[in-house]
Every structure is written in C-alpha cells, then in structure tokens.
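The first chain written gets the first letter, and so on, giving A, B and C; residue counts start at 1 in each chain.
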Amino acid sequence: MKPFSPETSSRLTFQTGVRQTLLDITEPVADKIRRRGFQQGVVHLFVKHTTCVLTIIENADPDVVQDLLRRLETLVPRHDHEDRHQEGNSSAHLKSSLLGSSLLVPVQNGKLVLGTWQGLFLAEFDGPRTRTIELTFLPCS
Amino acid sequence: MKPFSPETSSRLTFQTGVRQTLLDITEPVADKIRRRGFQQGVVHLFVKHTTCVLTIIENADPDVVQDLLRRLETLVPRHDHEDRHQEGNSSAHLKSSLLGSSLLVPVQNGKLVLGTWQGLFLAEFDGPRTRTIELTFLPCS
Amino acid sequence: MKPFSPETSSRLTFQTGVRQTLLDITEPVADKIRRRGFQQGVVHLFVKHTTCVLTIIENADPDVVQDLLRRLETLVPRHDHEDRHQEGNSSAHLKSSLLGSSLLVPVQNGKLVLGTWQGLFLAEFDGPRTRTIELTFLPCS
C-alpha cells in the first residue's frame, strides 16, 4: 500500500493563548489553497480535538466574537455541579458538539467562496492548546 | 487561468419576508440536481451570509418549524444588555454558528437521499433579506 | 438510467434501546472503509431521520457522554407547554437541528483521521428506534 504523499494532504497548526478564544483562520486557509493550486471544488477543514471547533462568523467587528463567546458561556456554563467527568471540561465538550469539528467551503477559481462578512474561525474552549487542522481538497464534477 | 464556467457552478436565491423564518428549499434543490443531470455523490449547499443557516428538519408538520423558532429564541434571546455589537444582531450570529452554514446531502440516481420526514430548510434570523445558496456537486468514488 | 450499484453505496443500521442515547459508531464505520478499500479522501455519514444526529465527542470517558446528554436536556427540555407539535418531540427536533445530521471525516491510507480522544457517535433523542446511516466516499484531488 502506497503511503499517503504529503502533497495530497495539508495541515495548519495554531497555538491558542487563553482558555476560550476564537481565531480568524481565513487567510492561512486561503494561502494553503493558493500554494496547492486547487481550483474548483470544496475544501474540507477538520479539527482532531474534542474541545475545539471550526465555525463561520462575521469577521468585521471583533465585538461579534466577544458577544458570541460570552453568550455561549451563558448557554453552556463552565461549572455544573452535576457533571461527572473529572477533568472539568464537559462544557467544552458540549460546546464543541454544538458547533462542530468540520467546515466545508466552496472554492472557485482558486479562491474561497465567502460572503463579504464571513470569516473562518477556530474556536477553542479548553485552552491554551496547540491545535491542528486537516485540510482535504474535494474536486467537483 | 480559465474562468469558472457557469455550468459547473449553481446558485439559488431566496427572499425572506420577516425577521426570523424557516423556508423549505427541498424542491428547488432537487430541481437543480435534475437540471444538471448529477447522478451519484453528494451535493454541498452553502450560504454566504452570517445571520442565516441551512438545516434539515421535519417538513411534515408546520408546527415543528414554529416550535423550533420559538425554542431557539428562548435559548438565544434577541436582546441581551451585555451585547457589545452595535447592530443588535449578535443573537442571529450565535444562532447561525450553532446551526451552521453548510449542508451535505447524498444524491443517488439523480435524487436527494432524504428520509420520509426530512426537508432542507434555509433559516434567516435577521431578515427580511435576499439570500443566495451556492451548490457544489461532489462525485463519489 | 443505470441503477445505483450497491457496491458504490454503503449503509449501517443501528438499534437504539432507550429514549435518548449516544452510540459509539467509530468501529463499524472504520470497518466499512476497510471492506470497501477506500484509501484517500473523506467519508460522508448521513442520517435520514429528524430526531437523531451524528456528532464527534470524546470516547475515552463514558462520563462525558452522560454529562453531554444531561446538559443538552437542561438546555432543550423535553416538555414545554408552548410547543404546538402534537407528537411531543419538538425538543428532539431542535437538538437534531443544533447537532446536525451529517459528519465528514478525512480518510488517509484507508484509515479514519481522528484525534486520540475523538469518536464518531450517533445520538438519538426520541428512541428507541432503528436508525440507518448512509455512507458516501468522496475522493480527494
């Protein structure tokens, strides 16, 4: 069995600095697409971690990011005396399950197809951590 | 670089009439698949907007749609005095992040593979708006 | 039109035993990939049901699963006197919409690309039920 060649795979690694954060990863993803010369299809982004997600939100006003993290914390508070998981990060697991570990974004003419206000974000809910995103390029028919 | 030909791309546009709504888009999507002659794989649907999502819910009883919008509003209320984003639509951004901007649905023999009660819906949380869905057709191996 | 051959499609069926449950389906999915000989790309998993989802969570500590189900129930309680849908499962519909009916997981060298702590789960919110997952194999470029 031929080993998977590095050219057909692609990875991005990020370091988060605080417990909860949202990082705009649009530009590094766009750069990977350019370097690879991928033209038409969709790019699949996937995080291999259970307290971290990929999501698309407005990237114009940083207040949106802050409101989102604060409202999420209200919805799924860190501490819950009924939690049984000893690591104390069950809230991070639920947030991750709600937001999801994958993104799939169209690529046309070598560029991400995103709306004016859309940005790709990695959210970490139990940092600081080193997080890796696996990119897979899927051609369209 | 050859420009992306219109035949390999596909778009659907919808007009929403009120602030929050769920539109059944199953039939227009099925029609696009038929017109394109796409047979086997998955169709990727993507919205290029940050207050609007794509989701799959029951399409048999309109009460499900109403319950879902009302319960979502309870979960993520429109007004929150701690919100910093000036446009007043942080709740719409969070709802969008929770439900997601993509759908991926299998296609077999030219037809959407959906359960009896499943329908594809566009949800808008900060309308009325004109919303566009980008369709990409991914062949299976 | 040639009917879709069974070899190009793939299905997994599970029986759930209680009203709400999370089943680890990682091994059966990995087995389908092996049997098919699919090497590089992504596998798409899709449930054709409206009260059931696919999600990725930690599979190491069963307490995480219990915390997640309990916290989700707090967030979206079963009974709400304002619900109009007569079947009494509007909460299951909202949970499903929040968590999503699809998963897309990278495959490299014939193996699922998952983090050490990640497992693929089917969650049912209105069981017991018999649930089917449709698998589609998407090659990468």
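We adopt the following convention: a residue touches a chain if its C-beta (ideal position, glycine included) is under 8 Å from a C-beta of that chain, and two chains touch if they have at least 3 such contacts.
As the structure is a computational prediction, the values presented were derived from the model and not from experiment.
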item: Equivalent interface positions on subunit B and subunit C, same or different at half; value: different
item: Subunit A onto subunit C, rotation angle from CA fit, given as a multiple of 5 degrees; value: 120
item: Rounded Å distance between subunit B and subunit C, as computed from the means of their C-alpha atoms; value: 20
item: Shared-contact residues (touching 2 or more other chains) in subunit C; value: 41, 75, 98, 100, 104, 138-139
item: Subunit A partner contacts - residues on subunit C that touch it in the complex; value: 39-42, 55-58, 61, 63-64, 66-68, 70-72, 75, 98-100, 103-106, 108-110, 113-115, 117-118, 138-141
item: Subunit C contact footprint on subunit A (complex, rising order); value: 1, 3-4, 8-9, 38, 41, 44, 46-50, 75-76, 80, 82-87, 90-91, 93-94, 96-98, 100-102, 104, 134, 136-139
